[in-house]
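What follows is a set of structures to go through.
The following pair of complexes shares a single chain, chain A, combined with chain B in the former and chain C in the latter.
Right, the complex of A and B next:
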């Protein structure tokens, strides 16, 4: 009994870890730029494909994929913000949704055209393959309990990324400007700060985190042209449940959703609707989401 | 102080979307002077200040704004701030979610920089006391102090004060008045918009009265104080 509960808990946390990586960027971009980026799932998908290609290339390898993918995604994010998104800042959210959704479909079809519609195999590296014998470390477990090593690594990477992002926002001048800009970007401009420039970097940073999600998460999800959309909807719900634009809210909601999906998995009828059920319940009692602030999206 | 105009606005027309608010105003200020910009609610005073600060809204369709030989007209708000314009907005706009000190630090990120933190805290001991408190949790008067301090933390050539006394208790108004007087003594060129016209006029050298987006009177502050008819007609005091 304790074993299965613990494993479900672990699976929930690991699922939450992927949601965190995707929804953090989504929340960051919404919170700073006010842009609803429906192409964010597609960024995750592109990163997963890049991960497959680079990790399996003769010139590449896993080490290179881990380093290169987030960098490529950062550059892609910058290009996307400068070339497309910035023209939509003052447009209604529906326009932003349409253009980013359109971009997502273009990317999805492009990958389908290039790689086919089927799932690409994405093997974990040797150092991350196999299982961890959890009962060796956790005495409260009964008998033999193992868990895939890669999933634990993924969870750790996610937590490190979250900690890194929070440290960047909390303890650096850049972070101070971004946090302040999330609350009143116009006042920052009046104080001489070229906030648009910093926001372009923030957008790229958000996309880059989706890159981390794609390359580390790819081996446990699937790598096919539909994967972006599969993660987009729950990640977007995570942001709404957490409170539009709230990063701690997104983290909290990710793990709530991950755990809820994992623990409801034994009842298939429930598993399919649990995310929406939670969203409805939370928004019923807290219309701004768990940690949403007054004035955002109102 | 030279006799030449340090700051000038010439034939300025500003719009909020389709609404035509500032309808061709022109005026000049010499270096170190304080100008009171007066008029009833809706006369276009705040719009004029926002246009001078080069805020995205209102849009300036026509006219030029010049400060110390620099043309501000085509500038973005952050560029105007770097050129030395500093607006203290009507609602103070203390940034939520960050401390008093962070509100000050953030105004010193881009050049030109004015007073350092020590000088600000020596001048506003209350802000030192509350430096690690969230800025928006301060009282109204303290927030106004922080808003002015935040402006002084920048290198200013032109200070724009929008309703600095609004919503403050009379004793606090006295305190803020003292601060504005000190700003005057420092020789910072200032435009002050204020409903409390008498208080503003006492501090000012010049006065402009706006009505429906146009200037209906321009003269010295003393002239407006002395002319009861003028005050009754346009300022209802």
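Right, the complex of A and C next:
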């Protein structure tokens, strides 16, 4: 009994960890720049493909992939913000959605062209394969309890990323400027701070987190051209449930969703729609989301 | 009063007449531009969908990413009616459209309180919820991934609904619905929709019950989606699960924006262009047609927010300017 509850809990946390990684960047970009990036899922997809290519290349390997993919995605995000998104700050919000949606299609179709429509195998590295015998460490478990090692590593990576981002925003000057920019960017400009440059970096940072999600999450999800859109919708829901623009809210919502999915898994008819049901309940009874600021969306 | 009214009608005669003439003669010229029979019917169905979508996006200013929900709901109910009740299309279409209307009231109630990006995200989410329900929770009724198969040939009072019969049925429906859309747009109600687009808050302060108008606008656009979904099943008696998916929602967004929203004419043009591109031009381009279309779409959003219609008026202006 305790074993199955513990395993469901662990699975929920692990699912939540993936959702955190994917939606954190989305929430960050939305919170600072007010841009809804429909291409965010596509960024995750690009990162997963890069992960496959680099980890299996002769010159590459897993260590290389872990380091390179987030950096490449950072550069990609920088290019995307400077080359495309910045022209859309003054345009209607729907135009931002449309152009990022178009970009998502282009990226998706380009990858389909290059790699085909099928799922690419993405093997975990040797040091991350196999299972972990949890009963050796946790005495309250009865008998033999094992869990895939990679999923535990993924959870740890996710938590470290969250901690890192919070530290960056809370304890550095850069973070201070960005947080101030979220409050009142006009005032900051008046003070002579180059906020657009910071915002470009924030955008790239958000995309880079999607890169981390892609390379670490790729082995447990799938690597096919449809994967970006598959994860885009739940990560939007995470942001809605957590509260638009709230990073702690996104983290909380991710774990709630993960746990809800894992504990409802015995009823498949429910498990598939539980995320939406939670979102509907939140919308009806707390429209600003769990940790959204007062007045937003109310 | 009478003369004003007839002036209104006169304003509609020319565009609706031209629209009717183009559609009705389609079987005679369509194959000369590379089309084939069957594709014309599909284009007309999508035109109906796009007209309704433009009322919501172009006139009311709400970008829905979940309109497949209404197209799909209607398609499934139409299919279920044909399968279990009767092969007569009239009750099937009626039930299909009514189901879309009910769905629009529910989703509209939940999503319309938000505007802009929130509305887009939420409609996308609800659309995907229905999609995943069709695939899993409701698969005993919907056939899950395989879709609803084994439908009988749809009939209309002893007339088999195949080939030309379906084509002329959809054309007649399209002409009527285009006319209705024009009347809606030029009515006081249409003015309210435009006012919602330009400034919802100010409209609210003038004492207008904005929520009711928004819901009506939303439901009207869902009726068009529902009619299109039902006709799609009459055209091809098979309900694919993709009819509920975001791909379909995305498609109607793309065609509307390509053509030029807020013009009625633009989205119709976009629908025709997109289907022509997907089925005829794709033969030359190959499998990358969607990549090319995505790029065209992006370029349109960036440089030509008014779509083909804006391009047309720009060219016209230039020619006029040149001749002076």
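The rule we apply is simple: the second predicted complex is superposed on the first by the 293 of 298 C-alpha atoms of A that agree within 3 Å, B and C clash if a C-alpha of one lies under 4 Å from a C-alpha of the other, contacts with A are read in each partner's own complex, and residues count from 1 in each chain.
Note that in this section a contact is a pair of C-beta atoms (placed from the backbone, for glycine too) under 8 Å apart; a residue touches a chain by one contact, two chains touch by 3 or more.
Predicted model, so just to flag it, every value in this text is computed and none were measured.
Should A:189 be classified as contacting the first partner (chain B), the second (chain C), both, or neither?
First partner only.
Comparing chain C with chain B, which touches more residues belonging to chain A?
More residues of chain A are touched by C.
Going by the contact rule set out at the top, does A:273 touch chain B (first), chain C (second), both, or neither?
So A:273 only meets chain C here.
Go through the superposed model and pick first if A:229 touches only chain B, second if only chain C, both, or neither.
second
Just to be sure I read the superposition right, which of the two partners does A:141 touch: chain B = first, chain C = second, or both, or neither?
neither
If you stack the two complexes on chain A, which partner ends up touching A:101: first (chain B), second (chain C), both, or neither?
A:101 sits against chain C, while chain B stays out of touch.
Could you tell me if A:240 is touching chain B, chain C, both of them or neither one (first, second, both, neither)?
Only chain C; A:240 stays clear of chain B.
So in the complex, the part of chain C that touches chain A is made up of which residues?
The touching residues are 61, 63, 65, 110, 113-114, 116-118, 120-122, 124-126, 128-129, 132-133, 135-137, 246, 250, 253-254, 257, 287-288, 290-291, 293-295, 297-298, 301-302, 305.
Give every residue of chain A touching chain C within the complex, in rising order.
Residues of chain A touching chain C: 36, 84, 87, 91, 93-99, 101-103, 105-106, 109-110, 113, 229, 233, 236-237, 239-240, 244, 268-270, 272-273, 276, 279-280, 283-284, 287, 297.
Over in the complex, which chain A residues touch chain B? Could you list them?
Contacts found on chain A: 173, 176-177, 179-180, 182-184, 186-195.
Using the touch definition up top, name the residues of chain B that touch chain A in the complex.
Contact set of chain B toward chain A: 53, 55-56, 76-78, 81-82, 86-87, 89, 93, 95-98, 102, 105-107, 109-111, 150, 154.
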